[in-house]
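After this come two complexes, each holding chain A, first together with chain B and then together with chain C.
Right, the complex of A and B next:
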């Protein structure tokens, strides 16, 4: 699309090194980045708290089936939706990475202040999952391909395919076997049993219930594969939702005339 | 080194205390005083017709002080009422635990009828189960400590509680275990946390560097106009593409490498265990010994009195007397029955035992084979303080209780009583 004369002048001004326009534009960048940073922390964090919830709160809920299946699917909504305006309006393939970083930061703040300092749960029980590699791969595929279908297939599925491998190095120590009261459990089970969650009893945990795990016993692989397939579709759907929301346009400000301003070109 | 560690720890403690103080002040502005676990807030029909806890013993006395790392043992019996409320699920899935303010105590061991209760189980209504809960003090403070059974879809049903003050320093708490593979875990609460932080830090660094790679350039106005102009070569350069390709390879290689070293370090792992424990249905040793039928029951509001007229038949070979009426963890004891009085341990929470004696219209023993109609009167302010008077607001205006009978040898027979309860509002 061709720029208008005003836009071309503005582009020329902001690209001139050390110009006043460049400084103001940079100031605006910093201002928007700061607001965006807190907005994404709040929105993405609350979304994950409400949807993934207990599966990510507790070490003894991080199973091979639901945690691995559900988390990537729920992770991809907001980054995929934001990828559209980030990439198609600003050429920035960083929505996934920014969302992942903001989410993990928000999660850690919540775990330290809310879960540990306020309610005494130990860190071994409440660490959040690592989500950055998958969402970053999604960004990188988008950058290289600049194609919605390729990013849906390879980038969307990468969110799921990277999730279990990214988290196994931190989860594995908690899956060492323990015998307690003559019962075989793992360290995570033991932590969950020991540190009382008064209103979250054992029977509320959904540990590999259902038939998904019966294909060859490789629960993590099966769950990851299924999640990856769904993530491909979800990336496409949420990209489209992002596109629709981005292109909603603006509502003309009818109050402007009362303060002596006329309509902008795009409002006529 | 130790001094540095301790001063760092103190600084962290001070920071934690400050954060808590601010949050507490905010909360105090908007809330009233709350103690314990809201057990009085549970509907009376739930408390009267679900679980009856008795013979509860704590290894420490009410209002005693213990140190961090000290053990507390709670034992007793829990009776699953046979007339379970229709509005909640039957206790086919339950979990034995403790009601404490979160993990201020660590749950060390729990048993139902001797079966380890690390998993949930199912029980039969109308039966009595022995329970044992062993806790370890972790966080200093004054805590209300109860046994509790969570029932699926009914929530936590809390037993009688005592106050325990935990003294000492939370940092001194230790809970060590050894895994089946021989790993010595010095403290379960901090186990493998440095590894978690390390991997989070590695990935966060990669992410931050990638974001900075973009944030160092003009972002909004310039890029918006360049997109509009279609100058993608300026937006995403060859360098960007090279770095992106390198990062894709780097991330995949890191994931493979990390998983390989993890596999080498932890070759033997087991998944989370989600089975259900099995507890045999205990034999009801009191079955048929006494027949109890509720004829009428009234709740006299002004006098905080529940009066029950019951038809009781003694089917044993010995004369028996009614010694106790217990409902919703409140005990009304007949002071003229010595064996019943003996059942109230020194140090048992005062607020859970009525001051006045249980009044029984006929104190003479019920002879073998005899049937008597007794007026039983349970009066205490506890009906009000324990918020049992609110049973008039329940959708199920009925009551449930256990009656404890004693023979001359002091042997106890327990039977359920239940029925409709009718309010009396005026003298």
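Right, the complex of A and C next:
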């Protein structure tokens, strides 16, 4: 790729050690990192809390049906959209990992300060799902393949395929059976019964329906497979949305005459 | 090589570039105090005075807080945005590259403050609202959680966003020549969260819905939250422009030339 005169000058300037140019470029980098850090926490967290929501908030909602199916699908939106500018403009296949880190950080701050210290729910009930492995795998596929289609198929599906296994070690103890007032429930259910949530729907209606269990008892696997398939499509779609949002152009400024600019200043 | 007296004098005149970090640091400290103080106030007053909207104590400790927020925020919005417009640079066609670089860096540093404010609205206070709803049944649109989320955190980042937008179109030639659609989305998208609050409260009041957070009534917040992705577009526009701007003030050895 041939550099323009400006690009060549700038490249030479910023790569000169201890130069003013290097210092200015480094300063700009630091601002960009800080902006992205806070903005990604906010954008990804508000997206997840209002789409995955209670399935992520409460341990007794972490079921084999909706949680395993919906979470990876909704998890891939923002990382896929940000993969475009990160990879194509900065050469950094880190959007998934960065998003996962920011999300988990935002969630834990909220769970500690809001859920635990303000309304006294125990940590065992409110831990957020582990999302880092799948999104790291997505980045890895992008790093190795540098190809949108391959990353959609293998990276997108990896987000779903890694989700249940990544969470199983922490979730398994909560699925131990318990008999409570003559009913067979699990430990997560018991925690849910003990800490009443005044405005949720009653437990069984929304958490798990029985039909999926008729598929040979492999609810998690079926949910994961379907989720993985949808994730492949969603990665592609959201990459394109990220591309569109990154490359938005400009519109005429009808007020520019108030700041001393005329029509002939457009091309400057 | 001989150095003439004039060249030495000229070299001395070019001061090193200084990042003006004071507004950013001050902004973040002020926001941390506001949001931290608000969280402390919740801990102190929510359980004792915030459970029942018909209680006179609710009026005293929460609705007074609410009305104070509204008055202060509307005043600050018009003060900041009005200041930006009234003190605009009316000769942007004559701005020197070095001055433009200084302004652009200041503006980018203030985007950090905008993102910091958006964090409190989009993450910290937003998810906290879920836990309050699951603990205390909503009785009006005004709860100890909503008063900090919808009527404080969101207006704060809206005020900062619009102030930065007006700074950009009145002081930065790059953004004044043509309006960046990405910048409009970054400012106006999150602003649309506020009208969505109206729809949200209307829906909850009308349908007396259960409070699980994924209800379709809440998806408006998600949709407008997505517009913050356009921030990457703004940053890339800035960086592309830097490729044009920096060579005007630097030589290939990385030294300042103006």
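Just so it is clear, the second predicted complex is superposed on the first by the 239 of 268 C-alpha atoms of A that agree within 3 Å, B and C clash if a C-alpha of one lies under 4 Å from a C-alpha of the other, contacts with A are read in each partner's own complex, and residues count from 1 in each chain.
Convention: a contact is a pair of C-beta atoms (placed from the backbone, for glycine too) under 8 Å apart; a residue touches a chain by one contact, two chains touch by 3 or more.
What you see is a predicted model; the values in this text were computed from it and never measured.
Trainee: Now for A:197: first (chain B), second (chain C), both, or neither, which partner does it touch?
Mentor: In the superposed model, A:197 contacts both chain B and chain C.
Trainee: In the overlay, answer first, second, both or neither for which of chain B and chain C A:123 touches.
Mentor: In the superposition, A:123 touches chain B alone.
Trainee: Is A:174 contacted by the first partner chain B, the second partner chain C, both or neither?
Mentor: first
Trainee: A:32 in the overlay: touching chain B, chain C, both, or neither? Say first, second, both or neither.
Mentor: Both: A:32 reaches chain B and chain C.
Trainee: Between chain B (first) and chain C (second), which, if any, makes contact with A:52: first, second, both or neither?
Mentor: Touch status of A:52: second partner only.
Trainee: Just checking: does A:85 make contact with chain B only, chain C only, both, or neither of them? Give me first, second, both or neither.
Mentor: In the superposition, A:85 touches chain C alone.
Trainee: By the touch definition at the top of the document, which applies to A:10: first (chain B), second (chain C), both, or neither?
Mentor: After superposing on A, A:10 lies in contact with both chain B and chain C.
Trainee: Residues on chain A in contact with chain B in one complex and with chain C in the other?
Mentor: The answer is residues 7, 10, 14, 22, 25, 28, 32, 89, 113, 117-119, 121, 197-199, 201, 206 of chain A.
Trainee: Inside the complex, what are the residues of chain C that reach chain A?
Mentor: It is residues 16-17, 19, 39, 42-43, 46, 88-94, 101, 105, 108-109, 111-112, 114-116, 118-119, 121-124, 126-128, 130-138, 169-170, 173, 176-182, 184-185, 210-214, 218-219, 221-222, 225-233, 235-236, 239, 242-244, 246-247, 250-256 of chain C that touch chain A.
Trainee: Please name which positions on chain A make contact with chain B in the complex.
Mentor: Of all residues in chain A, those touching chain B are 1-3, 7, 10-11, 14-15, 22, 25-26, 28-29, 32-33, 60-64, 88-94, 97-98, 100-101, 104, 108, 113, 117-125, 127, 130, 132-133, 136-137, 139-141, 143-144, 146, 162, 165-166, 168-170, 172-191, 193-199, 201-203, 205-209, 219.
Trainee: Can you tell me which positions in chain A touch chain C when the two form their complex?
Mentor: That would be residues 5-10, 12-14, 16, 19-25, 27-28, 31-32, 34-39, 41-43, 45-47, 49-55, 57, 77-78, 81-82, 85-86, 89, 106-107, 109-110, 113-115, 117-119, 121, 197-201, 206, 241-242, 245-253, 255-256, 258-262, 265-266, 268 of chain A.
Trainee: Within the complex, which stretch of chain B touches chain A?
Mentor: 16, 19-20, 23, 37, 93-95, 97-109, 111, 116, 118-120, 138-139, 148, 150, 152, 155-156, 175, 177-181, 183, 185, 188-193, 195-196, 199-200, 203-204, 206-208, 210-211, 214-215, 218-230, 232, 235-236, 240-241, 244-245, 247-248, 251-252, 254-256, 258-259, 261-263, 265-266, 268-274, 276
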